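Each of the next two complexes has subunit A plus one more chain, namely subunit B in the first and subunit C in the second.
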Partner chain A sequence: MRTHFIAVLATTLVTGGLVRPAPPRAAGTISGKVTYTGTPPKMKPIDMAKEPNCATAHAAAPVLTENVVPGPGNSLRWVVVYISAGDQGSTAGTGTIRLDQKGCQYIPHVLVLQPNQPLDIYNDDPHSHNIHPLAKLNPEWNRSQPAGAPPIHTKWELAEFIPVKCNIHPWMHSWQVVLTTSHYAVTAEDGTFSLSGLPPGKYTVTAWQEQFGTQSQDVTISGTETKAVDLVFKATPY
Partner chain B sequence: MGKLFAVVLTIITVVSTAIFATRVWWLPTDISLHGPRIDHQLVETMVSCGVLFVVSQLSLAAFAWRYGDRRDGRPVKAFPGGATPMVVMAVVLVGAEILALTFVGAKLWAGIYQTPPDPNSLAIDVQAEQFAFYFRYPGPDGKPGATHPELMNEATENYFGLDPAHDTTARDDIVVPTLTIPVNRPILLTLRAKDVNHAFYVPELRIQQDFVPGLAIPLHFTAVQTGKFEIVCTQLCGLGHYNMRAYVEVMPQDRFDEWLKEKVAQQ
Partner chain C sequence: MRSHTRWMAVASGWSVALFAAGATAAGAQEAHIGKLTGHAAVGRPLYTRYCAGCHGDDGDALGENAQWIDPKPRDFTLAVFKCRSTPTGTLPTDEDLFNAMTRGFVTTNMPQWLPLTHQNRADLVAYIKTFSSKWKTLKPGTPIAIPAESRLTIESILRGRGLYQKMECWKCHGPAGHADGPSAATLTDNKDLPIRPYDFATGSRFMCGETNRDLYRIFMTGLDGTPMPSFADNLQPAEAWDLVHFLRTMQPLKTPEVALWKAWLASHAGELKPIGPGGGAQ
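For the complex of A and B:
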């Protein structure tokens, strides 16, 4: 009787609720490119005369505005592509994400992280910055970070698209995108992206661009296939 | 002790007067058309105040030297009529001096700030915000686009809230963070604040004017010397006030025309 009980308990542990089953091995990929039709706005050179350190650093090649960054073949950079519905097999974000303030620019311009994922913000410039994330669902804050100050360790609890500005240098602008899914990507210079590790199922893929809004498409993944998805925004010059 | 006080007071008086008299500590070189009048008024004010300062301080030192060490408590001599006429006389004399300086100064100030600008002035809009200045030129069409506060967006460099999608006059507007102007040409600035009070101060231009939210404040001047000069905010406007500055770049007309062409091409 006792032996039988132990055998049943062991079987339950291995196959049942106490031991989490491993995710199915069959996983598909969604990859593609984000492009635009129409005429996008011009990327304007940023004059940093107010901060001589930065003006000198970029004297040879002025920094351009990054609200719309078009690339070859009408591609769009800095677009966040993610699973907005039907998400499964997502894991919590654990690695530390890094945001730099260098040459009076936020690097990267768009970063994605998950709720409670550690975020470290560095000031690499020889002068102060003031980071001001304009959060609405999460608590809004703004903090000064003088030259040589240690990094700011922070995190966000709720999913939100948060614009970030510098209170000292008005041209400094970036986005921190907090997503519950771990299936996300930020488009590269050529507009390409890839979402991998997707178990079979029906998904909605959404692309978010800070000025043009969102574009979505439904995709069904079965097995280990790679589905190609191209998302197209309508661009206007103003 | 009285003699020591007299000596220290005399030294302070002589040194502080010398600092101003020798112009060790003075305003930077004036580059504006109206500046000589301001400087002249400043010198008059400094001389009249300076003479009174020196006379009063040295008199005080002389009395301290002569009577400061007496310990018997007897008055040396009483002012005719007692303390009341002495106080009244002091108030009247000091009041008359301040009033005279105010009238002369106000006349000069009004002559510069309250006179109409030259009709051929180059009109430039100035916007102050925490913690930067931005300058807008109307572009080749000569018409500045309408501003819409709800459209202000720093990420797209739309600091003035222009609406180029619907307003064609706004499309060629030039917005820059450095005030670039031609030399010897009257300039008409219109100052607006986006958030709180700020100030536009260029010591070399002998101009200091506040920005007040909700008001469009005109300010006109002519720069007569080329160069690059600092514009600073002199109203405590928040955390980054210490870093709120811009530059005014005064250049020859032909270089200014080239600069303008270059900016138009970037639109």
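For the complex of A and C:
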């Protein structure tokens, strides 16, 4: 009887959250570079003649397509690298993420946010855009945002890779990537990334590129070490 | 013989029980339209008979006729619907689905389903909602408020014309509403299939109705799944009615809007700057 009582008490303490959280453990880092082999498509200049404001703004240097953005040393930009399995120590995303529509471009081309994290969408152009996230798990919506309109405050509830387009300017295309993990990064111009604050454990690191799909690797982190992980995509020109 | 009869009774009892269980599982989805309650289990055979040929047995728009149809049938597994009384990004009400089925979709292969009884249509609405789990996890949106129509005046038409320019409706629908704006040719729907904007010059019914209230609702809710966005964030109700009055003038119909506009244009046409880049103001 007494044993039973203690067991119940112990269970209550644990499940009731009365047990203090363990002190932060040593955390490691996974860093590396995303590259490609093969021949990626060429970045093509975008003809914005249909929107004279934007054509003029970019007259000196036309905006290039961003579906594949290669860099020095066969590196790839705009690749989302994240912990896809074994995730621990993740926190909820709270800071407001910003998306701009400027010069008929989405800035940034790829943004990552977490479920219910605030997202503000701005139109900085002197003409209308319509923001049309083609969500499937989350609700798909489509809103007009004329020049000078206030920002759209929104959020996504479910993890999903959401393509976003503007129907008025068909070249405008971007991604809103909703991840449950807070261990993510978007590769820089030189393809590098770094995931820090990882408690010791076994992880799967996944890299997602909008045209080439995903590449994954298993990594074990012990202590405060930094593990180098390079992920390679097989590029095709089409 | 006797035992055989008893066996039959037991078997039929079981089958009734099984049928009831099946009906409960599928019929967990109900639809409520006014006083009518639609049941998915009853809607199922109706769907197989009348809808599956285009919309597919699984509601995925892959019925045997779908390949010959343009625009394509609605894919019920996505739970994204054009004609709603609810804001963009929300599920429609049961009544919205009932009305869509009743009204049919002009310029598409979807006919008006008036030959089906009201109860049949309510049952079908309940069954259509079984194709996506969103009907279990999300609630339909709250229908947008539509205030009484403001008085039609030449001023309201002119204000509406200014909004047609400012909101850039002309980028798709064209300066004169002929569906020939600069972005019209490149429009695609949420499945990346080409789609045309509404051509006001045809004077046909709209995709989601035919009254002034329907027209108000169309641009304030947007037609989800298509390039037509919601303008609710940036149009006040009074402005929305102004826009309705102007849009009506672009249809070659005998409406009060057209009569008033023609009479005014007869002596004022020169005062208008054409709609288009840098234009539109009076």
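The criterion applied here is as follows: the second predicted complex is superposed on the first by the 217 of 238 C-alpha atoms of A that agree within 3 Å, B and C clash if a C-alpha of one lies under 4 Å from a C-alpha of the other, contacts with A are read in each partner's own complex, and residues count from 1 in each chain.
Here, a contact is a pair of C-beta atoms (placed from the backbone, for glycine too) under 8 Å apart; a residue touches a chain by one contact, two chains touch by 3 or more.
A quick note: this is a predicted structure, and the numbers were derived from the prediction, not measured.
After superposition onto subunit A, partners subunit B and subunit C are found to clash with each other.
Legend: residue contacts after superposition of the two complexes on their common chain; A:Asn167 is shown touching both subunit B and subunit C.
Residue contacts after overlaying the shared chain place A:Lys50 against subunit B and subunit C alike.
Touch criterion not met for A:Asp218: it reaches neither subunit B nor subunit C.
Within the superposed three-chain model, A:Pro146 lies in touch with subunit C and out of touch with subunit B [touch as defined at top]. In the superposition on chain A, contact of A:Asp190 is made with neither subunit B nor subunit C. Contact with both subunit B and subunit C is seen for A:Asn130 once the two complexes are overlaid on the shared chain.
Of the two partner chains, subunit B is the only one touched by A:Tyr238; subunit C is not. In summary, superposing the two complexes on chain A brings one listed stretch of subunit B into steric overlap with subunit C, and the stretch in question is 240-248; the others among 42-50, 96-104 or 240-248 show no clashing C-alpha atoms.
With the contact threshold set out at the top, residues 50, 127-128, 130, 144, 167-170 of subunit A are in contact with subunit B in one structure and with subunit C in the other. For subunit C in complex with subunit A, the touching residues are 78, 80, 88-91, 134, 138, 166-168, 171-172, 182-183, 186-188, 190, 222, 224-234, 277.
Interface residues of subunit A facing subunit B in the complex, by the touch rule stated above, are 41-42, 44-51, 65, 67, 127-128, 130, 144, 163, 165, 167-171, 173, 210-211, 236, 238. Residue ranges of subunit B in contact with subunit A, taken from their complex: 129-132, 154-157, 159, 164-165, 171, 176-178, 239-240, 243, 245-247, 266-267. Interface residues of subunit A facing subunit C in the complex, by the touch rule stated above, are 50, 52, 127-128, 130-132, 134, 136, 139-146, 149-150, 152, 167-170.
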